[in-house]
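The first chain written gets the first letter, and so on, giving A, B, C and D; residue counts start at 1 in each chain.
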Amino acid sequence: MSISTSIWVWIAALLTLMIYSFLYKENPFYRLAEHIFMGLSIGYSVVILWYNYILPRIYEPLFFPPHQWSLIFPILIGMMTFGIFSEKYNWLIKYPLAVYVAGYAGVQIPLQLQTMILRQAEASFLTPDKFTSLFSSFNALLIFAGLVTTLIYFYFSAKREHGLGGASQVGIIFIMIAFGAAFGYTVMARISLLIGRMQFLLQDWLGIM
Amino acid sequence: MIFLLILSFTISAKDTPDDAGGSITINVYNIPEGTEQIELYRLTKGDTLFEEVGLIPIFKGELDDATVTDGVLYLYKATALTPDTVYVAEIKEFASSSPEWFNKSRTSVLLFIALFWVVILVYIQLAKKNPEGLFIRKLPPLEAMDEAVGRATEMGKPVLYVPGIEYITDAGTLASITILAKVGRKVAEYETRIINPHFDPIVMTTAQETLKNAFSEAGRPDAFNKDDVFYLTSEQFGFAAGVDGIMLRERPGAIFLQGYFYAESLILAETGYSIGAIQIAGTNATTQLPFFVAACDYVLLGEEMFAASAYISKEPRLLGSIKGSDLAKSVLLVLIGVGVIFGTFAAIKNVAGNPVYMEIFDRILEFLARTAE
Amino acid sequence: MKKRVPLLITFITGFIIIVSFFVPHRPFGQLETETLIWYAIIFAFTLVIGVDSLVRLHIKHIRKRKKGWWYSIVFFAGFFYCLTIGIISLIQTPNIFQPGTVFFYGYETILIPLQATMFALLAFFVASASYRAFRARNIEATLLLIAAVIVMIGRVPAGYKLWPKLPVIANWIFDVLQIGAMRGILIGVALGAVAMSLRLILGIERTYLS
Amino acid sequence: MKFWQRFLNLDRKWIFLGIGLVVIIPLLFPLRLPVKPSKPVIDLFNRIDTLGVDNGVVWVVTDFDPGTMPELMPMTMSVLRHCLTKGTPVVLHGGLWPAYIGMAKMAMDNIAVEFPDKKIGEDYVFLGYIPGVTAVILAIGIDIETTFGTDYYGVPYDSLPMMEGVKNYEDISIIVDISGTRSPEYWLMYGQQRYGVDVGIGCTAVSAPSYYTFLQSGQFVGMMGGLKGAAEYEELMERYGYPTGRRPATVGMDAQSFGHLLIVVLVILGNIGYFIVRRGERKVGIERRKE
């Protein structure tokens, strides 16, 4: 294999090097790559906006039968966001904002309760099958202790006195172990990302691998 | 082919519970050994011919027939095909579908919401009556924010505030906007510059208004520069590249990473560290917390971020809601505690010997399990 | 008026959506999917604001010949490049993500490498952050350090060679030791988010409407 | 003491350089540290290795994107090489999601270069992306021809000599899902449980632990997990005399091991230095900077 003759591989390779150059220090090359990236990603978003939103969700349902005239409402609400382009009408944006934020809040409340809170609480129940052996009982109790002390750590309205202070101390220990484990767990995947980039540089671009 | 009516292979059909209608659930029991395929047929009352509905997945033994009309009566028949025999099962009575007005499987969620709502309202009232009586523990990252802005000012450097890469609809982003208001007031007071790049245009407009107000409150409306609150890009790593560029060029003295972050968290935090800025992070993204903890000076851990946003205003109504969340935690702890007691009991005293405990325990579990589906 | 009405809208919208979670009957049952379609449309308009903000900023840079203004020209070059290949592809084919279109090609040859490059920076930063942060300063930091190192080594073959029990311990940390705390944090975050959402709907939290 | 103090204040650039080097050097000068194939990989290898010509086609799926390519592409290539060298008919299916077709295309282009005498349509077939995710898995159980219609290049299904008589899962010997997503569960639920087709998987190191239960229960024939799994498969290929290219996974595995090792060594040295320096400071009573 030998060095690549494709202009696109060269561009990609040079951009890769430009990005990594900032690990040494800030320099014009990084800034160049950064601005190219920014421009491309915005152009990309505009195309995606057209392709994924305007065409299938506004243009087609509105102008082709069966015409979904009800879509006029969200379009009007959406257009109110343009109020910010004028000093006089910029309060208009509060309406779409209110609808948008409140709607998601309404979706979030039951969903979070159901899938995160009750679900996690249920999984934490100690069922008899968790006590099948001495080791599994120990594990179950350990998980239980971790959960309880962590929850106590997140008590905001109680003074950390008596048992609570001790419990939240234990809680932070469990939290730190969890963070350490999560950190260590991702290291491998992160390094393999770099391997991928290096393979691209050495193999696809330079052809020395 | 030989048709055999075997009693053991049976089928049941009932209105699918907790739905908007238009669906009947069919269950098959005692599927014969070696069955390769179970076909389902349906007879509409008044018709004479069975029509094919489809195949019932063998491993599930259940199928929702969602092609029915509400109120119409249907008769179901299933055939199980083994290499040499065809087994047939039929339901005895007609079944029909109907929509429900209340999803019973979500009762516990409703109870919890109602409880939460009431508790928060009660505490808000209590807090209004006696604002001094509410204790909220201090959050060191929050205390450090003023100091960080102060240090950036001393060094003559700007402050950078990154509100995460989620939309305005994320609770973490909303909390971040509240924290931004606090930081903005301090920045205006100290007459420093605040740089505020954005991932979502709506968050940007909200932040612009919030900062404008913060500067007005601090008595310096003219010092606010709208151009410093800008949109960068809605592409994850493009955003990271842009913010890194800003860090390297503007060299902020204090960096706030507050909001929901994904993998770019460590890219931002490490670049921020390399320029020697004080970094105060806060996120509700549990997966990114370890990286912030490793790379930043102060971190608001998960729920602390929400508490912080309530704490900032010191308004009794907001503080009351923190108290409400704490009470909800207590309820959960009690619930889990009950689970522990029963679980341990059952384990010690042998499951089969104590039907009473197990009955109660099973009920609770079932109740929760249904909700979590 | 300008503040009251939005607050009222917030309350009504939020309340109806919560109700729809519990009522499968028409028209409530369909409400959630219906509103999501609406929100996608509203969202489309918001992006225009973002693009406007950024484009305006860069035009300003160029007009005022601000320091480094020519980077703004680079920005526009990238912007129009992507836009052009997008338009060409849209004219050519209904599915612009099909391999073979100009747009897909441009996306694959430039944007993906850029993303991957930024993402891969994490390999460097994971190293520098662990070198700095994993010091046995106190009990908490020490435990963080030990858990991280065991999981890190336990997951590569070298770890197995070092001590065959290491992967077992790493798995135990991951499956048992950290579960409780992670669950606790998740529950806390969810409770906080629920409280936040309730405050919004009740109109107590209104910074975002300022 | 002084050395340690300087070591503790080590400029991050040296760490970056170190990481860069430990990744690049093994890639350029492969050590090929010995790997010992584990049972899940051996099972998968044997399963494919013992297939005859008339046991049906091997169905390889690429459900990954450039982000997980370093781990998953070597697996894809190994399985394809294995089948083609043996003469087992193999189908490459470009993934259950639209974004993954690019990866399949890349694999196909490599195969065309490596096996110039193997003919597309006769020795191997490339099927494109069809929308529907789980519906596609179910549809393959009924009729592949109506599901796909043509191959990736637009050649009608009935003009593909290799696919003659290949109607549904009964004519597929094994599904090998190489995936950075949750798709193995879908193949398990809808392909394996519903139609009884054998499923083997290749997945990232991160998701491998969650699939062990399915391996133990025998629902997956075998599994390659992360670069390690891919390297083990390459090792088996070499042992049995199959072509392995440069053994990219084995080489990548070297880089990964060294990367890990470097980080661990840095952490350990950092701690030794920290204690030595701190002890020294206590003696002379220097006030420690708040960290």
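Keep in mind that, in the parts below, a residue touches a chain if its C-beta (ideal position, glycine included) is under 8 Å from a C-beta of that chain, and two chains touch if they have at least 3 such contacts.
Just so it is clear, the structure is predicted and the values come from calculations on it, not from any experiment.
> Based on CA centres, what chain would you say lies at the far end from subunit D?
B
> If you tally the C-beta contacts, which comes out ahead, C-D or A-B?
Pair with the higher count of C-beta contacts: A-B.
> Using CA atom averages as chain centres, what separation in Å is found between subunit A and subunit D?
Whole-Å distance between the two chain centres: 24.
> Based only on mean CA positions, could you tell me how far subunit A sits from subunit B in angstrom?
Comparing mean C-alpha positions, subunit B is 13 Å from subunit A.
> Whole-Å distance, subunit B centre to subunit C centre, using C-alpha means?
14
> Two-or-more-chain contact residues of subunit D, please, as numbers and ranges.
In subunit D, 12, 16, 19, 23, 66-67, 205, 256, 259-260, 263 touch at least two other chains.
> Two or more other chains in contact with one residue: find those residues in subunit A.
Those would be 19, 23, 31, 33, 37-38, 40-42, 44-45, 81, 84, 97, 100-101, 103-105, 108-110, 113, 117, 121, 124, 144, 147-148, 151, 154, 175-176, 178-180, 182-183, 185-188, 191, 193-194, 196.
> Please set out, as single numbers or ranges, the residues of subunit C touching at least two other chains.
18, 21-22, 43, 46-49, 51, 54, 114, 116, 118-119, 121-124, 126, 128, 130, 132, 134, 144-145, 148-149, 152, 155-156, 174, 182, 185-189, 191, 193-194, 196-198, 200, 208
> Testing understanding: with touching defined as stated, what is the shape of the graph linking the protein chains, line, ring, star, complete or other?
complete
> In the complex of these two chains, what residues of subunit B are touching subunit C?
Per the stated touch rule, the residues are 18-21, 99-103, 106, 109-110, 113, 116-117, 120, 124, 167-168, 171-172, 174-175, 177-178, 181, 198, 200-202, 204-206, 209-210, 213, 227, 230-238, 240-241, 263-264, 266-267, 269-270, 273, 284, 286, 289, 291, 293-295, 301-303, 305-307, 309-310, 317-318, 321-322, 324-325, 328-329, 332.
> If you look only at subunit D, which of its residues touch subunit B in the complex?
Checking each residue of subunit D against subunit B gives 12, 193-194.
> Where on subunit D does subunit A make contact in their complex?
Interface residues on subunit D, with respect to subunit A: 13, 16, 19, 23-24, 27-28, 66-71, 204-206, 226-227, 246, 248, 252, 255-256, 259-260, 263.
> Quick one: in the complex, what on subunit A touches subunit D?
Of all residues in subunit A, those touching subunit D are 23-24, 185-189, 191-196, 198-199, 202, 208-209.
> For a test of understanding, state which residues of subunit C touch subunit B in their complex under the given definition.
Result: residues 18, 21-26, 29-30, 43, 46-51, 53-54, 57, 60, 114-115, 118-119, 121-122, 125-126, 128-130, 132-134, 144, 182, 185-189, 191-200, 202, 204-205, 207-208, 210 of subunit C touch subunit B.
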